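Chain naming follows the written order as A, B and C, and within any one chain the residues start at number 1.
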């Protein structure tokens, strides 16, 4: 495996889940595997959880993880081929990617969408440039369209709580927010849940349809209460509109899950990628109750990253 | 020992001092003790000396120290139970502390006071939340009320310079400053000096009384020159008023120590926690002269942190 | 070797080049040499390439490299002896350097010029203070006047591409820029090229003369096309005027190298320290063509730093 930027296959998905669960039982299992290797963690957008979990994952494999907060350092990258760089950008992504490729063994990159330029966002241009010019393996720490390490952690968490059931009913429900939020986590969760063979229902207010390349095979149900019936796992996430790109169309607080929402899904577990805005996206009673898997998901971020880095090391 | 947030007992204090002095003689004495362990250093306020000395201490024990500058990353934590998070805060301290507790073996935290809300500051609420929700050991890197690693380093420095004397006369003197400064260093120095059995005199302009929970047992003397008589150790520190909370009541430069102040304390050594504003808090002639212990205090910060981390590792 | 702040001698230069080339072939050759040692990387100005390459170099030697971004942390240092610090500066460089000297084995420091106070810039005052008060070895990561690690990496790159020629013709050419840029890279490249015995020609618009302490022995040629004739290595760099200190006197785009400029230097290789503003300082066709050595120079930054740290470790 050279690149980890999206869901590839059920076989690879299962292999990564199993490896992650093995690392969770014994974090230092492959402590010597990454000796003398370095992963460069490039953040074009800020992060705490992703940064720390990736660093820990690398350390568990004996690798060095080095963090470059390019957003903070005022190191504005030029993205356009042929640009005359007489404005604010100080280095072309071609040159930066080439140098980083000679400094590291693996690059891990976070680059959020603009939420204003739909076409540019959809192509994950920045990842493509790093893949093209660095010449080394690239891991997504969340791109404009996907957040595959989060989704792998989510699938690990689902597997840990399956209780024998082969094909769980998984519901992805939109929750309210005050800001325009990217689609990456929702896209990726749908892509991985479908890819791993779950029965997926997606529920959201009208106008919040995700791109069908991620949701094909899922049931779309605008009635949240109907969607939640008999759910085994309910993933809560806000996203902005995709068709009316980046817009906030609804802030209706009835979409925020409380215990009342689980009358017809008594066994339903609740998931969220964190950070969560309490009592806006998700209620205290859910987050502090026994349905919540959010802390377990966060912990599994370490082992998701460790499995991916390990698989790339080969 | 699970928490290090304040002075506990003379026995524990002496044990930590002795351990620190052993580490100073041989920093790599317990190099394998922290192997595979991680301390997360959470800064809600910036730091250089504390950050670097804690990282070095951890490295000397074979641990990884990871720094999270939450103040810089725009990761505003919600502190209030039950809050509807539809404003500026992006994550509740309960969730953040829980995640960090699953990522690290020890948390070390810096959180300054507001200097505007006296009640909230006095309760060290943030430390309490981290202790409650992380479930792992917590070390204070300076709270609203105390700076125990600084105080431990100060006591190490005093012991190194005691020259046989059993009960030194220690004076804590207020010095001028242009900003409203927290009480943590002064509170903690008083708490530890009294706890370790020193003869402590505190001198400051009227109105600068510290809270008696820290100063009970000390002599309060408003006449600085009288307070300094026969002093063995003189600790200089500015703090803002406590009763008239966070206010600057005096900027009288006569409170700044010069050689003239030591006419009746020829053997007096001078201490300060650094950073020091020269010729405002303390004069060049003192800082550059042979009385000054400030560089030694700063160096001892490493071994204070190393002793505390080692004791927590058990 | 205790300090690495400028070119010292051809013998030392050659020794460092040879050591760097040995490390490039085998980065972990001296993996145990720095065990238990620490280098503090102090950035008074931001950096990515220098920071990362120095950290990797240290790691290759088994050392810990710790980064302190003093520019970001709002830790404004007081530089003036005797200052009454009742303004914005929070710590005197004397005190900071002393503490850092007790925390680290080596300090590596970046401090750019003001480009407004010529006399202060020329004396590299900050480096002198760190050398005086830290008491430990100091490495320049670019000072007001020089960038010796870049120049060492450049000389390694030249040696790798010499193809048997003993005394190459090296040309340092000014290129256009929109900002006032320091002289350090240009000064240092001239100093090292002359010191290593190359035939150096410097070309720039009138008014852009560098200080003769760096260029003595070089041919100054205002006609760029004449300067480039039969060049083996062409180093492109912008700098602001030195005599009319810090001013931009010319932005003529004809100074930007394209393939046409190499009609009389068909074998000429092109160098630049990066980051480069494409199509302003240097054209895409040069940077993306076979003449460009810029990626190799960047990679050699690791081994230049590793050779210097190794030599200081002794």
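Structure notes:
Rule of thumb we're sticking to: a contact is a pair of C-beta atoms (placed from the backbone, for glycine too) under 8 Å apart; a residue touches a chain by one contact, two chains touch by 3 or more.
Treat the numbers as computed from the prediction; the structure is a model and nothing was measured.
In terms of inter-chain touching, the protein chains here all touch one another pairwise. Interface chain A/chain B: under half of the residue numbers present appear on both copies, so the contact uses mostly different residues. The geometric centre of chain A is 40 Å away from that of chain B, both derived from CA atoms. Each of residues 72 in chain B touches at least two other chains.
Across the complex, chain C is touched by residues 36, 38, 40, 64, 66, 68, 70, 72-75, 78, 82-86, 89-92, 94-96, 98-99, 102-103 of chain A. For chain C in complex with chain A, the touching residues are 27-28, 46, 48-49, 52-53, 55-56, 59, 72, 178, 274-280, 284, 287-288, 294-295, 298-299, 302.
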